[in-house]
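Letters are used for the chains, namely A, B, C and D, taken in the order the chains are written, and counting of residues starts over at 1 for each.
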Amino acid sequence: MSQLVRFGVALEKNVLKEFDQLIRRRHYPTRSKAIGDLIRAELVNQQWESDILVTGVIALVYDHHRRDLVNHLVDVQHQFHPRIISSQHVHLDHHHCLEIIVAKGRAREVEELANLLQSVKGVKFGYLVRATTGKQL
Amino acid sequence: MSQLVRFGVALEKNVLKEFDQLIRRRHYPTRSKAIGDLIRAELVNQQWESDILVTGVIALVYDHHRRDLVNHLVDVQHQFHPRIISSQHVHLDHHHCLEIIVAKGRAREVEELANLLQSVKGVKFGYLVRATTGKQL
Amino acid sequence: MSQLVRFGVALEKNVLKEFDQLIRRRHYPTRSKAIGDLIRAELVNQQWESDILVTGVIALVYDHHRRDLVNHLVDVQHQFHPRIISSQHVHLDHHHCLEIIVAKGRAREVEELANLLQSVKGVKFGYLVRATTGKQL
Amino acid sequence: MSQLVRFGVALEKNVLKEFDQLIRRRHYPTRSKAIGDLIRAELVNQQWESDILVTGVIALVYDHHRRDLVNHLVDVQHQFHPRIISSQHVHLDHHHCLEIIVAKGRAREVEELANLLQSVKGVKFGYLVRATTGKQL
């Protein structure tokens, strides 16, 4: 973990008051944590725009009774094999699965993987979380 | 304008360094302005969730050769007459207009107005900016 | 306006039923208009990623009593003069103005303009609507 | 799986042409799948606004050397025990972990859980995927 530095911020009194109320509702222990989160979220967005090494979390919901679909998803994952770190399978009900795939790679590669998985017939919901390797944060 | 207060923030050294680079690229004069903008954007989101008095900016792109469309948009605006502050019309090319409507009201009212305008046949693009009256910011 | 074509879509019965309810609540006259809007919104996103000619709508809220601020905003707009089509000024209350600037240019230029305006000290809220010239829509 | 129905959509010829190009780049096998995905994404948004039963995927990145942090995250998860279905832990590098928590509950409960986890000191990145149980999709 990097060394902490302290710096001063000037803000309108009533804006600060409103912010303090908001972060209390969201259970933040300190202003520094809340402001740090806003800053880090901006930096992670930036990482994805710069196409550098990122971590992506792909969430898919589908009906697992479709065998061809499951095979298709496995095929795509094997094709991206060195990029995929892990995959988790959750049984939502008798029909529906939630599959969560964690991938590490350049931003455009991970987006391409997400497109390939989302577009498989039978996938009802797909979402790519543009996350981070944690480096420089 | 409300009185300025000054407070301290603790952040990891390398996160601060990355943030300083980002805000320089975005032309921010100071960290306080950049952090204040992140905070105010969160507060404005909150205003819309709380359904209080807000300002909305509705942008529409459409083909103005469709007379019925123009009349329909005017009718909707008259229906919401006390909520609509102003409206601006920009000629993008021979066919296309951009119309920008500014409305003030409770969040749900302004969203309903945006839905009514967006859904008019011939409107090719519609967007509601969830802005603010500026109060408490 | 381009010629209309008709094509068939296959969808699960209950998904269609839910969608029909949603678009009725949003006042859509037909499924075709609602589906067309979803499609066009995707295409406009794509236009911004491809950095082609776009229309941007920049909304700013600020306190107009700050003379330096107003001058600064005018300076930036003059600097981008050939890109800016129009600008509208709305008095929200005794203190606050909403200024809406319409710009046409390549996506990266319009984003740079939005950054320059948003970062001016005293601007409390800024938002760039990533809109379209209407071409190919 | 629900029965398929077929219906007709009318769209401008050049909009359809652009859309066909976009979905080919995203590897969609058919227009029906691509349009279905746009529709289902809208319905899932709606499910979260209506505060009904949803599935949430919470992704967190943190430094696992902070023992108090790990304990804190476990405590929060136990507190929400009946809502949490599973949790997966990925080692990103020597310092950083990615933890993915799957929760099922009413929208506001899952958002509260996400707030509680995100606000823990030492969490560098947090994101809530507003996903679905798959019902009615």
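Just so it is clear, a contact is a pair of C-beta atoms (placed from the backbone, for glycine too) under 8 Å apart; a residue touches a chain by one contact, two chains touch by 3 or more.
Just so we're clear, the structure is a prediction, and the values are computed from it rather than from any experiment.
The distance from the centre of chain A to the centre of chain D, each centre being the mean of the chain's C-alpha atoms, comes to 9 Å. Taking each chain's centre as the average of its CA atoms, chain C and chain D sit 26 Å apart.
Residue positions of chain D touching 2 or more other chains, listed in rising order: 1, 40, 137.
Taken pairwise by the contact criterion, the protein chains form one closed cycle in which every chain touches exactly two others.
The full set of touching chain pairs reads A-B, A-D, B-C, C-D.
For chain B in complex with chain C, the touching residues are 1, 23, 26-30, 33-34, 37, 40-41, 44, 55, 57, 59, 61-63, 65-66, 85-86, 88, 90, 92-93, 95-96, 98, 100, 102, 104, 115-116, 118-119, 121, 123-127, 129, 131-135, 137.
Residues 1-16, 18-19, 22, 31-32, 35-36, 38-40, 42-43, 46, 136-137 of chain A are the ones that touch chain B when the two sit in their complex.
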